[in-house]
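Next up: some structures, all given as structure tokens.
Note that subunit A is present in both complexes that follow, paired respectively with subunit B and with subunit C.
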Partner chain A sequence: MNLERIKPHFPWLTLLALALLVGIANPSFLVPSSLLSLVADIVPLFIMALGMTFAIYIGGIDLSVQQLANMVTVIATVYLAQFGASVAVICILAGLLFGAVSGYVTNRLYVPSFVSTLAMGFIALSVAKYLSGQRALYMDATLRDANFGWMFGNTAGVPHELVIAVFLLALAWFLQKKTTFGRALKAIGSGEPAAVASGLNVVRVKVLAFAVSGAFAAIAGLMFSVKLSGGDANLANGFLLLAIVAVLVGGTPLTGGVGGVINTAVGTLIVMVIRAAMVYVEISATQQQMIFGVVLIIAIALTIDRSKMQIVK
Partner chain B sequence: MYGLRKVEKYFPGVHALRRVDFHVNRGEIVGLVGENGAGKSTLMKVIYGAYQPDAGGIFIDDKEVRFQNPRQAMENGIGMVFQEQSLIPNLTVMENIFLGYERQFVNFGVINWNAFAEAAKKQLAKVKLDIDPATITSELSFAQRQLVDLAKVLTIEDRIEGDLVILLDEPTSVLAREEVELLFGLVRGLTKRASFIFVSHRIDEVLDLSDRIYVMKDGAIVDVVNHDEVNVDSIQHKMVGREIDTEYYREQKQKPYNASEVLLSFDNVSLGTRYKDISFELHPGEVLCLVGTEGSGREAILRTVFGLEAPDSGTVTIKNEQVWHFTAEGGVWRGVGYVPRERKIEGIVGGMNVYENMTLSQMQNFSRAGTLLESNEKAFAREWIERLGIKTPSENKDCGGLSGGNQQKVVLAKWRSGGSDIILLDHPTRGLDIGAKEDVYEMIREMCDAGVGILLVADTLEEAIGLSHTILVIKDGEFQKRFDGTPGSKPSLYDLLHHMI
Partner chain C sequence: MTDSTMMLPSVSRLLSRERLVRWAPILVLGLLVLFFPFFEWLMDFLEGKGHAYLFDSRFFSIRNAARIGIAASPGLMVAVGVTFIILMGSIDLSMEGTVSVCAVLFAFVFLAWGATLASWAWLAVPLALVVGAAMGFVNGLVHIWLKIPSFMASLAMGFVGTGLALILTGGDRIRIEDELFRSLLTERIFNFPVMVYVAFFFLLVAWFIQSRTTLGRNFYAVGGGEELAHASGLNVERVRLMGFTLAGVFFAVGALLAVGRIGIAETATGNNFLFISITTVVVGGTALWGGIGGVWNTLVGVLIVNVINNGMIVIGLPAFFQDGVLGILVILAVALSVNRRSTSFVK
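Up next is the complex of A and B:
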């Protein structure tokens, strides 16, 4: 057994070890019902991380997801009364559109994705502030329950959020693993010049990857908005760092090509366990970001494929 | 004074230097010639410290030395003037000359620019260049930058005791005739202070300048001749080595092509500075080889056919339809397959397995409504693994882990299986061992029999001659001469070399 062969198994081994550690220190952590509610709690973040996985899988990154989710909370709240449940379609289309524009800017105007998505994020933030008039908005409770009440609740002890998460994970996995789109993503992440020389329409695939990321961020925003029953340009703040951590800790390196959405599921659970542990040892919310920042750096350093990088700037 | 003794260098799968003995005397200009891939650049890298020999030793004045990096070599008096130039374009000339050695002009953290400029002027005088040392480097002409690069290397003599050896890597490749004369005059004048190693593919220039010439072939020094005993023909002969082996290139299997049909035609096609007014026709069953030196435009022509480059003018016609939009996607659709030179970068996707690589260009044939039919892919890959004798434990093996020859077969399988009938081969045998090369030659003949037209940029001239029906010689992007390659009346190496350089 050498390190290269164990490496793909690192994420779930880490998850297992951390969960056991926290479980030993605090046995109530491992009680199924409390675990389930912890997992259900982290679903919006997971959905955002799922989308982000597509951007990172091709060797890019999407820094706009948090602001897209913010924008969507506002869109959902503002237009719920007017459009009812079909506001979800508007939200997802908005996410797709923003993601596609990021992808276009990155691939046609040659702006690195971390800058293009950062910029698109600010545009989304602006839209959110404009639409909300810079106020926190609240959803009408009856309308909310009538249209999106199904998102939350329990059936036979299983939280509905979890069902949604599993469904979206299956969808993302299918996209990544079973479609020509997913195969093209892998080729681009592993060796883009060869993908170009095989006649793939690399630009189109990359634009789509960012669009998918945007759409998932929008779904995350919608869920969050329904959950908190309102919309605000700052509602989803704090998600971005955690989403990136979830993808990278899961084992999809910034250089792309390996890992994928299943890894992100594991990564999100690791984030959840770390968060639970921090609550248990009473690390305050302000300090949690610091811990995640450090975890992020460690995760990047451990996973990145240095043979693909010549220069770091 | 400076010498290598029995130096060996290995890379994975390649024996790059074989028992190389090499020495330079004080004040001598030594020439080094050889074909692409003969080992010249590896040898140079060993000399200036970028590579360490795996066996044998480096000696300066009979004392063994070992360089961990180019800087250590420099401290021992060995400097290199790079072909692609090592100057940083947006710095001034003086900053470039003393790059990494500015300390001498610094007092209390502040640079004394006057002393800096003064010292730079002194260095520039050595190469007889009268320019303001504060000029931004990018404003200079190419020839001037070359001299600045030389001046930079000559600063070594102020820093060390003892003798200087300066390597010149293809310094004349983009210089005009009179600039070359100027450079040569300068080098001759500088032999009082330094010895030179001059590497070039222009044999006439090497002969002109050098006191002694080393001829390399397949990683070994095959001959050393003195300036006075030089015979161009014999050097060329030794550079190229053995007689052309007709069996090796499967010449007996070379059949006449179908001249009545045209697969691909270029009509006065030009692309920027890469190539100009190129015209040719490719027929089914024909191997058409583009011959020229590095940078003569051969690759750009291949990339245009595939769709990766769009020409500025002229008409490209593929299967009787003029091409308007140049995209790789369109190229694949028109039945063009591209086997790139950089096999590991552009040929295969490392990290993807054999079947994923084989179907990458033709996923539409293995999917329904965007959903992949993996069992079809695998069965198909197994068939082609069998057919081409690809050595892999299974179709699920990561392509990056296969040997070069088998990777190349995967790339060829990708295009052949997809029905491509115009195949572009760029150095298809580069870095392959003899057996794998023969497999590739065999496949080329089989493709011709199946009516495929092949546009080839060969790894060596022998290969070009051995494989081709038609040879076009290209120099500096311009067509020079067409040779017929029918077995029995194939052109000789010297015919080609004469038009290439």
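Up next is the complex of A and C:
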């Protein structure tokens, strides 16, 4: 077995090694029930990262996901009473719309996605502030439980968030692997001029990729909103960089065309293990941020597959 | 998209077109500067008040220009630093951490060595610059030695920096009350505070490095085509390392100005520099894929964003609209200055 063949397996090997290390340091980390609840806690971040994977897979980036999630928490809270469970449809459509506009601005107006998605995020923030009147809003508890109570809770020891996460992962995997859309994404990520030359409608595919990213961000926002029982223009703050980190650590480089949604699942778990580990090995709160950065550098150095990158920029 | 059939008959038109695209950021800035006073004039006109356009404007006044200058100076330094990196086609996302660490360390040393610029405490200023350089250097080493793309390496180094600042302060704020140091803000020469001149001085330094030194040329060479630069004997890795170190120095200058502006150093001093500095660089017309643009573009970009932010407040736009309007105007500014003929696709 040579190095080239095990390279693609580095991300999950890193995950396994990290989990074992923490388990040795503190065996209570590996108790299944606590592991399950740790994983369940990170599901909204995972969904956000899942969407972001599509943007990064084509060599772009989506910096609007955090603000989209913020906006959706407000939309969900404001319109829950009026529309009931179908407010979810409105939320996802809003995410799709913002994502599609980001994609349009990037590909038709030639604004780099780094700036276009950031700007769309500002617009989403404005919408959130306007709808919420710049206050923190609270959901009616009975309405919330009646419409979205199924999102949280346990069945036979399995948290419902986990079921949702697995379902969305399967959906994203299907999109990426089994549809022409997914194939087109890979073609664009690997080499855009070649994709254009072979007659692919590159712009349509890229707009769709950003729309998918927006829709997933909206689902994440909806989960935040139900979980915290409210909406606020700042509710999801702090998740953007973590979502990017989850995608990158999983082994989907910013150059595109390599990696994918399964990698993101592994990457999110790595982020979770690192963060949980600091609690389990009792690192003080002020030191956690720095240690997180250092471990992150090690994790990235271990997981990224450099054979597909000619130049490291 | 290149349209080869159109190329030959319209060479002269293409030239003027390219010139137009090059000057687009300045045009946008000019339009904005004229637009906000126009809005003020329109409001007064509708209310029937007498208002001489530009002369009676609250936006178009020296006082307000100074206000824009104060708000823009720290951000300009950070943006100039990252401009060098973007010129090389890389990216640096570590500025929030570097700014925080430099600000906090500066404050600690400054207070410990005498708490006024008139004593040995002035040494804290060069020390902050050295710390910035060291952090940039480490950032570059992580990127080059471990062969991690700069986006990820610098993002993680940013976490390390913010974390380090947090450990140093334990979450406390450090006040700098030395009047001599605060004269960065309080002392005015020709109506503008000293910090604006300091920022301008370092902008000139950056311009000198960019256009009059080998290092500056090498940034463009690496950004224009790394393989070619490498093939022609350039030590690309050394250029990159120097670039990240230089960026660290400018982040440190930004940190000093940020502390000078509010008189407080804390872990949060670096907050919000990350996305806004890269946005301003792009708005100024520097290409994210490298080789095009420079520090003057960055000045224009920083001014555009700060004029928009200031103008929205002066004309009394409701607070919840301001983020959205900034977003729309940033998209418009970048969209106007992109040369669609030389861009086949955008990432």
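Of note:
FYI, the second predicted complex is superposed on the first by the 274 of 313 C-alpha atoms of A that agree within 3 Å, B and C clash if a C-alpha of one lies under 4 Å from a C-alpha of the other, contacts with A are read in each partner's own complex, and residues count from 1 in each chain.
In this text, contacts are C-beta pairs under 8 Å (C-beta built on N, C-alpha and C of every residue); 3 or more make two chains touch, one makes a residue touch a chain.
None of these values were measured; they are calculated from a predicted model.
Look at A:Y110: by the touch rule set out above, it reaches subunit C but stays clear of subunit B.
Counted by residues of subunit A touched, the larger count belongs to C, out of subunit B and subunit C. Residue contacts after overlaying the shared chain place A:N147 against neither subunit B nor subunit C.
Of the two partner chains placed by superposition, only subunit C is touched by A:L296; subunit B is not.
When the two complexes are overlaid on their common chain A, residue A:M120 makes contact with subunit C while staying clear of subunit B.
Legend: residue contacts after superposition of the two complexes on their common chain; A:G257 is shown touching subunit B, with no touch to subunit C.
Once the two complexes are laid over each other on the shared chain, residue contacts for A:I244 go to subunit C alone; subunit B is not touched. In the superposition on chain A, A:V196 makes contact with both subunit B and subunit C.
In the superposition on chain A, A:F181 makes contact with subunit B only, not with subunit C.
Overlap of the subunit B and subunit C interfaces on subunit A comprises residues 193, 196. Within the complex formed with subunit A, the subunit C residues making contact are 89-91, 97, 142-144, 146-153, 155-164, 166-167, 170-171, 226-227, 275, 278-279, 282-283, 288, 319-328, 330-331, 334-335, 338, 340, 343-347.
Put simply, subunit A touches subunit B in their complex at residues 178-184, 186-187, 190-191, 193-201, 257-258.
Against subunit A, in their complex, subunit B makes its touches with residues 306-308, 327-329, 331-333, 338, 340, 342, 345-352, 356, 360-361, 363-364, 367, 370-372, 374, 414. Against subunit C, in their complex, subunit A makes its touches with residues 58-60, 63, 105-107, 109-116, 118-123, 125-127, 129-130, 134, 192-193, 196, 202, 241, 244-245, 248, 253-256, 286-294, 296-297, 300-301, 304, 306, 309, 311-313.
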